[in-house]
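Please read through the structure below; I'll follow up with questions.
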Amino acid sequence: MKQPSRNVARFVNWVEGEEVFPVPEEAERNQKPRKKKAPVKAKPASPEKEKRIFALVYDGISVVVCLTVILTLLVTVSWLPRFGGQDNPAENEVYIRYLEGELEEAGAINAVAGMILDYRAFDTLGESNVLFIAVCSVIILLRADRNRKTGALNIPELENRRALQPDDSIFRGSAALLVPIGILFGIYVILNGHLSAGGGFSGGAIIGASLILYANACGPEKFERAFTFRTYQWISFFALMTYTLLKTYSFYTGANHLESHIPLGTPGAILSSGLILPLNICVGLVVACTMYAFYSLFSKGGFGNGQ
Amino acid sequence: MNLVQNFPFFCIMLYLAGGVTCCVLTPKASRAVCIGLNLLVTALMAAALAFTVRSGESYVYLMGHFPAPWGNEIRIGPLETLMGTAFPLVMTLTLLGGMDHIFEDVEEDKINLYFTVVNLLMVSMLALVLTNDIFTGYVFVEINTIASCALVMLKYKSGKALVATTRYLIMSLLGSGLFLIGIIILYNITGHLLMEPMREKIHELYLSGNYAFPLTVTVGLFAVGLSLKSALWPFSAWLPDAHASATAASSGILSGLVIKSYMILLLKIFYRVLGMEVVLSTGVLNVLFVFGIGAMLFGSLHALQERDIKRMLAYSSVAQAGYIFAGFGLGTAEGVLAGCIQILVHAVTKPMLFSAAGGFMTVSGGSRQFSDLHGAGRRDILSGIAFTVGALSMIGIPLFAGFATKLVLTRASLATAGWKCVAALSAIVLSTVLNALYYIPAVALLFDKREAVHISGVKAQPSAVYVLSLTVFMALNFFVGLRSSLLTCILEAGLNVFS
Amino acid sequence: MMTNRFLILVPILFPLLCGLAVAFAPALQAGSRRRPFVLFSLGGTFLSTICVLLLLRGHSLHLCDLAPSIELRFAVDEITCFFAGLGSFMWLMSGIFSMEYMQHETNHTRFYAFFLMGEASMLGVTLSANYPTLYLCFEWMTLLTLPLVFHIQSEESIQAGIKYLLYSFAGAFAGLMGIPFLAKYGTTLNFVHGGVLDPLLTEGHEGLLLAVAFAAILGFGAKTGLFPLHAWLPAAHPVAPAPASALLSGVVTKAGVIAILRVIYYLFGAQFLAGTWVQTALLTISLLTVFMGSSMAFRENIFKKRLAYSTVSQVSYILFGIFLMNDTALEGSLLHVLCHSLAKGGIFLCAGTIIYKTDKTDVRQLRGIGKEMPVVLWCFTLCSLALVGIPPMSGFMSKWYLALGSLENGFPVISWLGPVILLISAILTAGYLLPITIHGFFPGADFDYSTLVKKDPTLWILVPLLILTTLAAFTLFPQPFMALVENTTEAIIGGMLS
Amino acid sequence: MGSNLFFNYFEATAVIVFGIGFTILFLDRNLIKKVIGFNFMDSAIFLFLASNGYISGRVSPIFEDGVTAAEHYINPVPAGLVLTGIVVSVSVTAFLLALVVRLYLRYHTLEMDEIVALSRKEADE
Amino acid sequence: MNFGVVFLLTFLIVCAASVAMTKNLLAAVLIQMGYSTIMSVIWLVLESPDLAITEAAVGAGVTGILFFVTLRRIGLIGGKGGRKK
């Protein structure tokens, strides 16, 4: 089959945006995405000049794209209901039942926690799996891969984190002060997820951040002797497994209109609002370990000596 | 609420649990769990399919104790269960077909993560097909995006895979960004997130005429966002790199299944959320139709020039996606039916082609260029036959799966008026000839006597699993080709109760 | 009665199973056992076809349905009897011929497997009773006869094979486009005597339907070498082994003729097409092909390519008769179908023998061939006389009826232009076939008879040749053939126009 | 042009930042800039969503001593959705950054079109 | 339309524009962390404390750390005296 002529190929490549300096078709915002005009090919006086012209044209196009997106959405915003209005369409019977029926049905003082962990629990289940899949992908990418021949882990160039400047005593002193407070505050936020603001994610993130601070200040060796990669995997396995099983139980009973025998407890007490507390604890645990795993994977491709 | 109605819910939860367990198991154990899970889900969904087809209408399954406008729910009808059965079945066959590639391309201690990603990809596809709530749709679109990007990049030390993943992820994120802002505008003007209550509100707005402009912009956002993710032609610059540089099994899964779940979500949003009259009034279907026609032509034109077998198959996926969108773009129920049939036909054919391409690569020293693949079909006779069956089905020869689509699409385009009918018919004829123009020389080249000197004589010893998967794929292809009337009436029943 | 309806499938399934047996059964790999088995299966198919045609005339069988209202249906009607009998007979003759000829070639298993399966699909085309089944068998015939084309697997043969496939697919797909239109505007998709178009539905849409009919006829015309899609024929025939090219030009082109007959007389209906621009366009195209084919053959020097061009022009004779749409012309074209299959089959077999024995592919090298192979060249001469149309041979009768039909038809220009072009093309045919005989028998003074050695082929080749030549001379005893042709024409066109 | 543009100043800002973030993610050639652009885009979307739920003169939906009258609190649904959204955007940012690290370790550059050019020249492994 | 909120919102837009303009990656990361802190303040203005805590902890906290670790791994800051890009 002889090749179709060169210019057909170049025209099609240009339409497809396969040029080496690809200006891929931008996803125009409104429903009639116009074809973008081709970057004007100036007389190539010198490669440097052409590069500059191309950069200029490229920036011009990006400004045009940015303006069209913003203008279209601004016009849309101008038609939308007024900000903070009383009788906006969003304030309908859905919002009233979430607030008024919340104490009897979910039993959480914090209506937002009640809403995300009981009324619309399927989203939150999906979303904790988003975090799990993201961690799996980061592990796939950054975990030190075993050298095929020798089988040894080729660990990225590990300059010694600990070799901070000699005067790091200020840093280590303040870290020694901050870390316990951070972890305590994180635990408080997780446990009181259904009573006050916060919940599994924010509490877990706070604990994760303070763990990272601790690992930076006092060195990860002592901590990672206990918290190896295997334990991380098993922690996230147990936490997510209990989360899924609890939710399966509550969905199954809900769908088949069975009475789920989970006590809601007295509103305001710690052990109230049915499943929300255990779920918050599970999520908090997973998020904390995940944040630490992110840090250690990014900095040294795995826990401890990288396994 | 008898037991069968719970099966789709069990499938979603099984996949979630399976995904989590696979990441702590050994590679062999996680493979067993993944394959077993897929087979179990196929069986469960087949039972659910039998139930819904017998009962003939779709029922709502509450995810939690609270009915429609408050709690989440999934809606199960003949169309959803048919897709729910087809997807895991094709997934199992593709995994079996590409199994030895997976164990060769992916590193030793990351294979169990591969199966974790596969399980979570399946849960997101099932959820996208079943969900009755838009924001749940968005969350599972995100899982789908990350999982499919993870599938692409799982090639050991391959720079191309990384670059392809980045471009794919960036374009997908743009798509989901637009999709999310569409959801938010809809929530803002209707106050609901569940599909049915939102439909009534939109109907009222459409009649009363206020918020008309935001409604049009939302339809545009959904159309552009989801067609960006399902690789409709002008936005498909990322697809060839992504699907070509992945391992054989992953590219089969990506082309066959992943881009289809977004199309079904778009269909669901047009049918169930916005309602057909709103969508028709905005004319976005004509734009999708024109892009579909463009995809059919430019996709095939590009595949014609490609000298790399997997990029050729990837570009032919772009062309087949064009068929589906041309079907949807016709705007009639028959057009949508043609689109759905093409979804099933392509899901059955393309993974077989990619597995066969994988088989050719092992036999010709791992190279993908056609110059090295001379006579590969003779060295690995089973992949050769499978590739020929797939190629003929793509061209649309009767008795194969592709013929059903051509027939229903021509009849559907005939039913529409004027320019659409002429454009669709001419595009179908032209793209069939273009398909023949690049598939037939490829098949002829694969059975060519003159083999590249350094590869000739390498006889393939395919593993039993590979043989099984390709034979079952071919049987499935023949089944869809011969019994397409069975599939059509299930899909018709599904579409009637779809909105 | 139920069981014997399934007997209709026997002529299709029997060669298919034998073909698969030849391909895969280990017992048949050995040459000694394979040849008798192939002969047995060809003979068996021929006999079973004849029995089915005689016993099950008028029965039909609904196998299954491909898509909601698209079903696979087979039936035996007048066209089936005429073409199925001819086709299976020709397949048997070239099968016998190939016993000897295939020593010259390699990998026989593949050849015979696809040889038998090709026959199955050809019989499928004749037996099909509605439009989708016809399309299905048509496509599968292309696929199954393709390996026969690029059997020797040289670069040139593969290119020819691909060209054959692409032209046939493009043509068949243009034919496929007719199905949705007929489903919409016609009452049913089955072949109904006199057309299926529903007069109420086709009120304002005549122009559209005429265009669809024209596209479908040109599409199916690809197989018969009609003008726009004829380029694959001169490329494919020379590369195919002799028995295959005999069948390709003798019978596979007739499958295209069957499809066009079905489209004109059983789907759109002759009254619908008669007198419209479609008919005039088709007539001019067929005349153009007749003239172009024979003039190209006149200038071509490669033996088999010349015969391929002659096939292009001869089959257009048949189409010319069909497009005239009156009973005498139709009689003439059916007669020419018979004459051309037999004569062209014979000529290709002679050419194959000559190439098999002496490896001379160029016409100019054939001086004094008559001395080396007297019997073969005599058969060649008689068959080419049949094609040219000299009285004792059958060609004369068919051309006579064609000319009569063309004059009867009241077309302003074409009614007299048709016979003129037929005459000119007959002269051209004589021009490119008879010199071979003349040079063969009278090599001229300077031909040295010393190095002459008799190369007459064995009985395997001679028997089919002689049978074909005697049959090609059926004008000597026309009664059985004329009866067959007359009642077929009566059945196809009777009571409609005249 | 609707009438509410000057009242919806929260949504207007969100939309402007969304436009800028979208363009950075889409057209900027530096990978780190793209990731930051993605962060801007996502948080702008969540600002747009949360500002729909706000009702002036009302308090956040954490019940004070048993008062569950709906007129007292703002709409909790957008807050819940944004909570989910923030975690999704963090996960995707982590994934993107991991990709950036791997790409840099292999191609030693952060410019996207340089990387595409280099990967095209690479032999097809 | 009180002044404080308008100031915060204009700060957001200025942040976004300045990241689009700047070439220096370290500055861009710092601007992004500033942006995230202001965003958590805005959540408080919009009466949703849940989001404020989450945005503060997850936005500025974890994302900021990830950005810095990436820049270190790329050698742009600290570590072995990375070359200024």
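Letters A, B, C, D and E name the chains as they come in the text, with residue numbers starting at 1 for each one.
Assume a contact is a pair of C-beta atoms (placed from the backbone, for glycine too) under 8 Å apart; a residue touches a chain by one contact, two chains touch by 3 or more.
Quantities reported herein were computed from a predicted structural model and do not represent experimental measurements.
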Chains touching both chain A and chain D, listed by label: B, E
Remotest chain, chain E as reference, centres from CA atoms: C
Chain nearest the overall C-alpha centroid of the shown protein atoms: B
Relative to chain D, chain with the most remote C-alpha centre: C
Computed distance of Cα centres, chain E from chain B, in Å: 38
Mean-CA-position distance for chain E and chain A (Å): 15
Length of the line joining the C-alpha centres of chain C and chain E, rounded to whole Å: 79
Intercentroid distance (Cα basis), chain C paired with chain A, Å: 69
Chain D, residues touching no fewer than two other chains: 2, 9-10, 16, 18, 20, 22-23, 26, 28, 51-54, 60, 62, 77-79, 81, 83-84, 86-88, 90-92, 94-95, 97, 99, 101-102, 105, 116
Two or more partner chains touched - positions in chain B: 135, 139, 142, 146, 149, 153, 157, 174, 181, 187-188, 193, 213, 437, 441
Chain E: positions in contact with at least two other chains: 48-50, 54, 58, 62, 66, 70, 73
All chain pairs that touch each other: A-B, A-D, A-E, B-C, B-D, D-E
Partner chain E, residues of chain D touching it in the complex: 6, 9-10, 13, 16-17, 20-21, 23-24, 28, 30, 32-33, 35-37, 39-40, 43-44, 46-47, 50-51, 53-54, 58-60, 62, 74, 78-79, 82-83, 86-87, 90, 93-94, 97, 100-101, 104-105, 110
Chain B-touching residues of chain D, taken from the complex the two chains share: 2, 18, 22, 25-26, 31, 34, 38, 41-42, 45, 48-49, 52, 77-78, 81, 84-85, 88, 91-92, 95-96, 99, 102-103, 106-107, 112, 115-116, 118-119, 122, 124-125
Residue ranges of chain C touching chain B (in the complex, touch as defined): 64-68, 70, 132, 135-136, 139-140, 143, 150, 153, 158, 161-162, 165-166, 169-170, 173-174, 176-177, 179-181, 183-184
Partner chain D, residues of chain E touching it in the complex: 1, 5-6, 9-10, 12-13, 15-17, 19-20, 25, 28-29, 32, 35-36, 39, 42-43, 46-51, 54-55, 58-59, 62-63, 66-67, 70-71, 73-74, 85
Interface residues, chain A side, partner chain B - complex: 1, 3-4, 8-9, 12, 15-18, 22, 24-25, 27-33, 35, 72-73, 75-76, 79-81, 88-95, 97-98, 105, 118-123, 125-127, 129-130, 132-134, 136-137, 139-141, 143, 145-146, 148, 233-234, 236-237, 240-241, 244-245, 247-248, 250-257, 260
